Each structure stands twice: as C-alpha cells, then as structure tokens.
Amino acid sequence: MASSTEPARSPSPDSAPSGAPGTLLSAADVARVVDRMAHQLIERAASLAPGADDGGLSDLVLVGIPTRGAPLARRLAARIEAFSGTAVDVGTADITLYRDDLRLRGVRALEPTVLPDAGIDDRLVVLVDDVLFSGRSVRAALDALRDLGRPRGVQLAVLVDRGHRELPIKADFVGKNVPTSRSQQVKVHLTEVDGTDEVLVTEERDKS
Amino acid sequence: MTTYLITGSRPYGGDATDILIADGRITAVGDSLSAPGAEVVDAAGLIALPGLVDLHTHLREPGREDAETVETGSRAAALGGFTAVHAMANTDPVADTAGVVEQVWRLGEQAGLVDVVPVGAVTVGLRGERLAELGAMADSAARVRVFSDDGLCVSDPALMRRALEYVKAFDGVVAQHAEEPRLTAGAQMHEGDRSARLGLTGWPAAAEEAIIARDVLLAGHVGARLHVCHVSTAGSVELLRWAKARGVQVTAEVTPHHLLLTDACAESYDPVFKVNPPLRTDEDVAALRQGLADGTIDAVATDHAPHAVEDKESEWAQARPGMLGLEQALSVVVETMVETGLLDWAGVADRMSVRPAAIGRLAGHGRPLAVGEPANLLLLDPAHRAPVDPAALASRSRNSPYAGRELPGRVVATFLRGTPTVLDGKATR
Amino acid sequence: MKRHLLESADLDRSDATLVLDTAAQIEQALAGREVKKLPTLRGRTVVNLFYEDSTRTRISFELAAKRLSADVINFSAKGSSVSKGESLKDTALTLEAMGSDAIVVRHGASGAPHRLANWVRGSVVNAGDGTHEHPTQALLDAYTIRRRLGRLDGVRVVLVGDVLHSRVARSNVWLLHTLGAEVTVVAPPTLLPVGVGSWPVEVGYDLDAVLPKAGVVMMLRVQAERMNASFFPSAREYSRRYGLDARRMAALSDDAIVMHPGPMNRGMEIAAEVADSVRSTIVEQVGNGVSVRMAVLYLLLGGNEPA
C-alpha cells in the first residue's frame, strides 16, 4: 500500500504523478473539498431559481452513484443543510444493470436504487460520483435516470476528475482536477465504506 | 503352417521359459529351445496365459451391423487376448433357430480371429412365452450349449424350470439375466443414495437377488445346471455362496465394469456409464472382487455391448444400456484383482479361460500351457500402462466406459490354434 | 457463480445469497416504474428450449429475459424438428450456431441439462429436468420465504407429498439446506426415494406431528394417477392423510406460511380455503419467479463474453 505518511502533494497539471504513488487528498482535504462543492451547489440552485424562498434547494435532488457516490451525496446534502438551513432530497441509483462494459468487468452484486418520495420528475437532479474517468458510468446513470423519471435538468458532481474521457461528458462540479496517466489508479476512500477519508493515486498493479 | 518359438515369456507369471508351437499345438516348453526355421517371438518380460474365453458378448450381427459385426467384434476379442467368445442371442433376427446360430457361427469361422460360439435364445423371440427349439440349436453346426434370453430375464418361473430341465438332455446350461422385470420398470441406475439425488429411477439389488434365489432353488430341485450372467450385487454373491454350499450346480460370471466402476459414474449423466444391470456401490464392488477371488463367482465375462453413437450420445434415459469390454477386460482384471493381490496369474487363467470354457463345454479352450495342448494363448505386457483411447479400439463402436482412464497391461500377442491373431499388439487380419 | 445453473448444488451459500439479493435489488429497482425494462442483456439471445409443456415456467423465463432486453426465442419441441427425431445434441448445436448465449431447458429426462452443458459454449439454465431438479423454482421459493419471514437460517420448512417424483423437492432440499433452513420431508413411504436417508433432512410420515413447529409448509403436487401404480390406495386416503385442509392449517403457528409450486390439485394435496388464505404465498411465488430468474440470467450472462 502506498505510504500514507508521505506528505500530501498536489501535482501540477503538466506533470502527472508518476513513479511514487501518494496521497492526493487527506481527510481534511476531503472535508474542505466537500464543503466547497456544497457551497457551489447552493449557488447554482439559487441562480437557477432566482427569488425562490428556499434558494431553489427544494427543487434539488442529489442522486449518488454507488458505491462511493452514495455516501458522498449524503455528505453534500448534510453540508448544504448546515450552510443553508434547508434539507435537500437525496437518493441513489445503481447503474450496474445499465453498464455497457459488463462483459469486460464481470457481474457484481447490485446495490439499492432509492429515490426520494417526491421522485425526480421536473426537478434538478445532480448525479454524484467519486471519480470521473471514461464517462461510461455517467452515461449509464443517464440511461437509468431516463427509466426512473423525467427530470427538468441533470448535472454532474464528482469529487475527482482524472481525465481520459471516452464520451462527451463534462462535470458541472469538480472537487479536484487530477491529471493522471492511464496506467495509474485513483482510489477514493470514504469513511462510510472504507473506514477512512482519503484519495490516493497508485500505479496499477499488473493486470492478470 | 508356420512354427513359432516364443522365447522368454513367463507362463502364469512363473519363471521365464520358451514355448514352441507347431501344427496348432504346443510341442515343447523349456529353456533355451531351438527350432531351425521357426519364427521367433521375443517375449521377454511378458506373461503367457491360455487364450481367454468370454461367456458373454453382443456382436450385434445380424441386425445392428452399424454397431458391431462378428468380424469387428472378433478383432476386438483377439486384441483383448480372447480365443473364444460366446455371442448372445438378442440379435435381429433373434438367434432362436438353428439357422440363425449357424449363420453367426459361420461368420465367426470366416473372420477367423476367435472361435465365435453362438448362444441360443431360451424362448422364441426372447418373448418369454415358450421355449425355442433348443435341441435343434444344440444339434446344429454351431453346437450350442449355452442358452440365454440375455437382455431379458426368463421371468416366468414355470418356463425357467422347464428350460433348466430340458437342456440337461444335451448337457446345456441356461444363462439367466437375473432381473425381476416388475421391480425394474423404467429403471435407469442402481437404486440407492445416488439415484435418490439424481432423480433417476432406481434398479433395486433385490430385483437381481430375487431371481437368483428363485433360480438356484429351481436348479437344485430339478438337478440342472444354471449359469448366472453379470452378477452385480453383494447379496447375489451371498446367495451364490449359499447355493454352492448346498451343492446346487450353479456358476456365475462378473463383468470387468462391475469389478471397477460404481454408480458414482452416473453423476455425470453420461450414458456411456448406463448398463444393465447397473453399476452398483463400493460395497458391491468389494464383494464381487472377493467372490471372484474365492471362486464363488466362476468367471469374468465382458457383456461387451457395442452401441452406435446416436444410441449413447443422448439423454441418459433415452440411451441404450451397455458398454464395450473385450479390449480392456484383462487390463481391468489386472487392476482390480492382480494388482490388489486378490488373484495370481494362475487365478486369472482359471477365471478367464479354464472355468468359462468348462461352463460353455468348449473342447480345446481353457487348456493348460503344456506340451500337446492346443496352442491357444496370449502374451501380456504387465508393465505397460496407458490411457484408453476409444478412437483406437477395433470395435466398431466407441462406448468405452474407460475412455481416458489409465489401465495396466497390454496384450502383445494372441495365438489361436497356433496361428497368431495378434502380433506386436496389432491384429493380424 | 458457475457458468451454468444445472442443480441447486451449483450454488454455494454465497452464490445463492447473491442471487436472492440481486433479485431483491432488481425488484426494488423496478417497483413502481413505468418502464419495467433494463438494458443489461441487450444483444444477448436466450433460447427457451422446452421439451415439456410448461406455460408458466416458460412465460416467467421469457418475461425475465425480455425485461433485461435480451432477445428471446421460444423453441418448443412439439411441432419442431425435435418431433421429427432430431437429437438433443443436434438441436443444441443448431441453436448455438444461431448465436444463442443461454439455453433455458425444460426436459422430461433427468440430467438432460447436464448433457446440454457438455455440448454448448453458452450458459445452460435448468428449468426442470425429469425427476431431478428445478433450481430456479427453489430459488424463488427461498426468496419468497425470506421476504415473508425475514430470514432462512433456522427456518423450519416442511415439504409434503410426492418427493420421489418431485424435482421441486430435490432442488428445495439442497438449496434450503445450503441456506441454513431445517428441512423435513413428509410423505407416505412409497413416495420417498430409497436413499432419502442420505439427504440433509428429517423424514416423517405423520403430517400432523410436524405442523405445529413448521415455519413453512410446502405442498407438492401429487398426481392422482400414482395410485394406479400402488403408491397409495386412493386419492381420498391420500388427501385424508397428507392433504392440507383448514383443520390442519389451524395447527400452524401464527406466522407460518403455506407454499405450493403449482399447478395445484385443489382438494387433493391442498384445500381451496388453504390455497386462498392469507398464509398462502402461491400467487406471490409466481411474481417472485420473474425477479429471481432475472437475477439468474444477469449473473450468468452479464459478465461473460458472448458465446
């Protein structure tokens, strides 16, 4: 495992981290990034619903993409409520059955799909995921949303954007842009799933 | 006729010696024989045994020449070390008249690889209703002495009694396929733990044992000879032991596959393991080996049952029962009886040659390897071990249950009345 | 998961739990949705190869495959090349040549799906073979029990009826055992296989003795024709000794449920007032069958390279 004692470092855009793997975001970094994203979401909701009493927040639905997008969406909702005093709806949408790469990745256990009671019709859905890479998860999530209802708009929030898009997909809210090489892996660890908060960049172990 | 000098073989596994064959007979046995002009067969390290005799084969001709013919079956037999095989009567037409048994006998003569001895049907058309013309078959050129409805049981006790009595007139024997048909309707495999799990209709051991119990009582009552085909259960061995102790003239055979394989084979649902009577349990296998070792079971008989591919490459229930046996019989006996220490080589000769020849009343077979005797013998390489390749078999069919299994022993040569039918492990014709 | 689902023993405890969990997630994902269809198996072909008539099982598999967007071909043995004598192997090779990724097979011969699995590269799902097994029925039964009672571990399940000829019984015995349930089989001794003693079950002949402790009573279909082969003297005697009627139902604990794989012989093994009672899960079982079969098809086909 990469040493977590190494000092956190932020690679510059033109020098993707190579060689020694390291911690990209510490627990404190993750908290700060989530807070910033929560503020951005509040601003965006307000700008889309000028003059609304609740700053447009009741219109908002955060839909996490399992596994780590789900707790991330719940954290964002909690921070939004802390900053604005308004609760926002949260849901999860498992996209496994919508993936186009099952044949390559193999089947996996499904996770719940839970939508707020008010549904997503005619609301602003923000998909939440941990890492944006090829864009295929987001495409699958968009397909899933289409079957789940008809939102007024869909936006995308990710903790880390590591580049290498294979589809014309762009995030609306990015916690951290991290240029990487394809051979690297970005690992997001969240307390709810992994027992700790951190983001790591590692060299991929040989594929077998 | 060519004279053969077999050098260095070990008769019955004993000391190495030479055997000289001329004019169809063994003319000398001893060390350092010389015979100018004789063809020398180097048999160093090989075991010499009398030619094997099979009481039970299905050569399928006439009727199913796509599965086997008398000629291809004869070749398989010779390669297995046999010099005489009995051909069962369930052909199409059934061998229930002098005409059919003579036809089969002549086909065997033409093939010239083993003595093909036809078995006559007990009842007309194997229907179990009335006796076939047993005397006519006995008097025919085929000189039938063994009568059997094999494949089917002579289940009517009155008819069985009459058959047992009737064949006494020409020293015949009824070979019973012991299966009470009312207990085996739709049966697919041995009835027990595995059939319960596999959902295949069970063939209870009691269906075999009930008929054997009945028939030994009948044979004892009328003073006739009875032979029991393919004994498959521990209970049957017990019944035979009891009957022999009482002096009943009963003999019995066991197949190689019942000495080696169990109902566990059915778990694959591969019908190559479907056979009648079915493969039984480990306990039955142990009892059969013991029964063969102590002589309660007299003989090993193959029940060689070739089937065309389409009759086996199917669902289990749709497949026909039966498996090949001739070419691997001796190897299986080596593995199950010799390598386990249950039989020595003389014992193998007794159970696979001497006793079956006696049961079938075959003069000239089952004779000792001694000067003056007919030169029916085989040479076996006991050290050879190889996996069985069904594609390499001489039989026209491929339904060997031993496919891929490594077995010991290889028949290097077989002589029928002084003429090699197999040399260097290959049939000579 | 193995490539095929031929019998309950193909599933270990974690596999079986995965199937049930996946079925639950699928059911929940589709609940209340207008579009009851997922794109998961788009471009895959599932063949329903049915040598026996079984409309309910075939429709259940068909619906499951279609809800996962697979192409479905129904191949009924009647009126096809099979009735003209084509062998199972030739049929299998033909279907594979046409590009089937999975074959769902119902066959009257025990072990036919095992044979099929030797001949094709795609997945084979046993939809009932002779008197051997019917594993997806057992999965949907387990799913139904877990939904109703909240668990399987330690649940006392009583199977009643023609165990000897029942593929449903065999599949349930092994699967429920794998999942930790305690199974008792109750039948006249003629309708229990010789060898039942080697199964991981209690064996009983007296239905009344086991009912008070049962959490689940699963009634098996009994064909009245069995009495012609002396498995029991008469339908009336069978029903009296082994049928589940209102009187016997009253002996059950409050939360015990009554199951039947269908089709039922009302009045024979189960009385109408029992079949229609709140304890009965019979209709629910049918609905759960679709979710469970979707889970099976997803888990077998989702991750594999196409054949």
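Going by the order they are written in, the chains are A, B and C; count residues from 1 in each one.
Rule of thumb we're sticking to: contacts are C-beta pairs under 8 Å (C-beta built on N, C-alpha and C of every residue); 3 or more make two chains touch, one makes a residue touch a chain.
To keep track of the chains, here are their UniProt names: A = Bifunctional protein PyrR; B = Dihydroorotase; C = Aspartate carbamoyltransferase.
Here the structure is a predicted model, which means the values were calculated and not measured.
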Top chain pair, ranked by number of contacting C-beta pairs: B-C
Chain whose mean Cα position lies farthest from chain B (Dihydroorotase): A
Most centrally placed chain - per-chain CA mean versus overall CA mean: C
Distance between chain centroids, defined by C-alpha means - chain A (Bifunctional protein PyrR), chain B (Dihydroorotase) (Å): 76
Chain centre separation in whole Å, for chain C relative to chain B (Dihydroorotase) (CA means): 45
Rounded Å distance between chain A (Bifunctional protein PyrR) and chain C, as computed from the means of their C-alpha atoms: 41
Of all residues in chain A (Bifunctional protein PyrR), those that touch chain C in their complex: 94, 96-99, 102-103, 105-107, 109-114, 143, 147-148
In the complex, chain B (Dihydroorotase) residues that touch chain C: 188, 191-202, 204, 268-270, 310, 313-318
Chain A (Bifunctional protein PyrR) contact footprint on chain C (complex, rising order): 1, 18, 21-22, 25-26, 28-29, 33, 35, 37-40, 68, 298-299, 302-306
Touch list for chain C against partner chain B (Dihydroorotase), complex: 87-89, 107-112, 114-115, 118, 129-133, 167, 170, 193-199
